[in-house]
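Think of it as A, B and C in the order they're written, each chain with its own count starting at 1.
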């Protein structure tokens, strides 16, 4: 092709595009080839639901499920489950301690599931950390061992606390009565507080049991168990729909956690007995063998008072 | 101040991602210099016009290399063009890069066509390569030359916004990211473009001096002084924008200022305050001011200009480092920092970075053996057997 | 290479050919790939809630997630942060040990301390899906933000873009990794592993489309907020009891 353009002096000067023809063709071929290759390479189902490969949604569903849930465990282990569901760990899923159970369930037990060892699996939840809600049961294990008179620190927690029945509550947790836990200013005070409000030093100690149960606390402090905290036997947790209630049944196995004679207990340990040998030793009447510890040892603990007897 | 989100302990964008905007910055800057000649008719720059265009092309070829080294799946790199998600600035990379590559390629083809034809008429491998490049069409006369010139001008003009886009989108990529307070600013797009131009001019000056010194060529005094003035002007704008960004943050003192201040005071004190601003910006500014405004003897002026250019080259590299790495050192929890040191022998380490950066200069030398990059260079000293092969009558177009 | 100039006829031919050519090469892609399945993704809109007052920092969620999803050590699809506000007013934040995922006891007097579980917020307007250059980061019709591991190129832009630090580059697959809300579980009627394994009920999962789901109920009955609302990401993970120290 020949085109003409004017030069500065008015005379027309030719420009020739002939030599660009091959180049232009090459470029067009390149662009078309690129578009064609693109069409071939675009993955199927791209752009159907949005700017992504729609098949990826179904692919994401195809990963194996590893944690199978309590129902699958109960199919074979309903004996453990029935203990577990009545004690303090009822809300703790099986697989949170034992790890994912899919392999174990699929092999119907031929492949072992993890059995936690040592103290760490327990301390992961029950180590005393200042960030944990104070009402949650937590300990410093060395202090705890000293308190209950265990000298041998190599012993694990499960020596006394069966992981499936740590406290022997022996009661359907979900139907137990709630205990109100007063711990916030607005539980009593209706007026608004400004930012600078602090609890005055002479504020009554309302966060303690003695505020409502003065009589019981005074009585308790005179008796053998005065060093034990109220919350050890009466488990208060923050009000919730599943965790912890007041122990009212006084199951003997709970007392045995501290008072069972064992060769690993030190000389400072609380007085221990043999069980169920002790029952044989002290039973005088036929009905005595079914009694609970508190039926005979009430005086060691505290008076059971009617609510009207304690100071409000 | 010592908490980072647990997933932030590792830095994702490494020195490769520092290198990539640096290289595309060189491309954009070199191209602007070439366009200053081809479009705006700055005849002073004739001596480096061809070199700047070709070096823009060579750096451009190597620009994707750090990205490919960084990608988790480089074999899927073309997904960016096959299934681009256009809400992402990064998706623009494939198309902008390809378009720009095509443009620069075409501009070289048209502006150097006469040189290719002259070389193609000879013998040997170089001649065969030139014939291939010309698509075996060696026609040439006044009309074709006029066409070539016209198209070159058009492409050089079109290339300016495209170069700004090529480098600016990287700035936008950082600046539009609201999650990172060190990156998030509307100025990032402009800062990147202007510092790119600074680095482009600086690398041309740097390389021109080095090559001339090695080959014993006479320096084109007017060209160098013109470049120095452009460099001075652009660096003032670039540094002013960088300062504006940080001063604005320091004044507003919004929530993220605490962690940003600690970032600057502690992690980036040397690289940002001392080096990027004080040593590598202030000193070149003064040097170029003197070289541009004061009448100096050639040798002294050249020394100042070359030193300033080298320092500015490092300044731009350091700026990229401070932006890319600095932004990842600080935690999005606004509570702490992590650490980064590029490994030496790692896949994304310093040795690989050094190789990627020096390879383009090697390729430039190979090109120079086919078509000389500095036509019209005159020897003033040196060996007699080291002749400049300048086979064309006209040059630079 | 003819000398004839372009005529109007040539131009019309070109204009006719070009659109059809473009349609062929840029038309809709094949519709195969969407298999029939019993799960209707359009019927659900999954959400999540965290009650930070219940978290005891036991780490069950982190361990469950790691086991369920093969999360590499040192990276987290979900994690728990511990905040300790000292009596001097200084706040110290940490996460559990990266190997055992158990919190250790720390010394120092505090005036306040608590745990905050974190995970991907599955934002309605997520930045990660906006910035993914290849469309490998996307939101499913039921509101879950996922990564297409076969398509991801590992550029890491999404990791930079997430304001919550939820994403990482998996060192084994070299693609982006993040919490998937256990998509393989929730689409089969299960809960995510972290929710199922939490003994305190601190994590709640449910269908925002179903007003009678546990999630919708507690959102209605309690006061919740999201992390970094000023980012405009509209997260679908709601927090109760979030302290001002938490970002």
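As a convention for this text, a contact is a pair of C-beta atoms (placed from the backbone, for glycine too) under 8 Å apart; a residue touches a chain by one contact, two chains touch by 3 or more.
All values derive from a computational prediction rather than experimental measurement.
> Which of the two pairs, A-B or B-C, is linked by more C-beta contacts?
B-C
> Grab the C-alpha centre of each chain and report whichever is closest to the global C-alpha centre.
Smallest offset from the overall C-alpha mean is found for C.
> Per the centroid of Cα atoms for each chain, what is the distance between chain A and chain C, given in Å?
It comes to 23 Å between the two C-alpha centres.
> In whole angstrom, what separates the CA-based centres of chain A and chain B?
Computed value for the inter-centroid distance: 56 Å.
> Counting in whole Å, what is the centre-to-centre distance of chain B and chain C, each centre being its mean C-alpha position?
The separation of the two C-alpha centroids amounts to 37 Å.
> Scan chain B for residues touching two or more other chains and write them down.
Correct list: 83, 85, 87.
> Residues touching two or more other chains, restricted to chain C: which are they?
135-136, 151, in rising order.
> What positions in chain A touch 2 or more of the other chains?
2, 18, 38, 42-43, 46-47, 51-53 - these are the residues of chain A that touch more than one other chain.
> Which residues of chain A touch chain B in the complex?
On the chain A side, the touching residues are 2, 5, 13-20, 22-23, 26-27, 38, 41-43, 46-47, 51-53.
> Which residues of chain C touch chain A in their complex?
1, 3, 5, 21-22, 24-35, 37, 39, 41, 53-54, 56-60, 63-64, 67-69, 82-84, 100, 102-103, 105-106, 110, 113-115, 135-141, 146, 148, 150-151, 180, 183-185, 187-188, 190, 193, 196-197, 199-201
> Show which residues of chain A lie in contact with chain C when the two form their complex.
Residues in contact with chain C: 1-2, 18, 21, 32, 35-36, 38-39, 42-67, 69, 89, 91-93, 95-96, 99-100, 120, 123-125, 127-133, 136, 140, 238, 240-243.
> So in the complex, the part of chain B that touches chain A is made up of which residues?
Contact set of chain B toward chain A: 78, 81-83, 85-87, 102, 106, 109, 113, 135-137, 139-144, 146-147, 150-151.
> Which of the residues in chain C come into contact with chain B in the complex?
Contacts found on chain C: 74-76, 79, 81, 92-95, 98, 118, 127, 130-136, 151-157, 159-169, 173-175, 231-232, 247.
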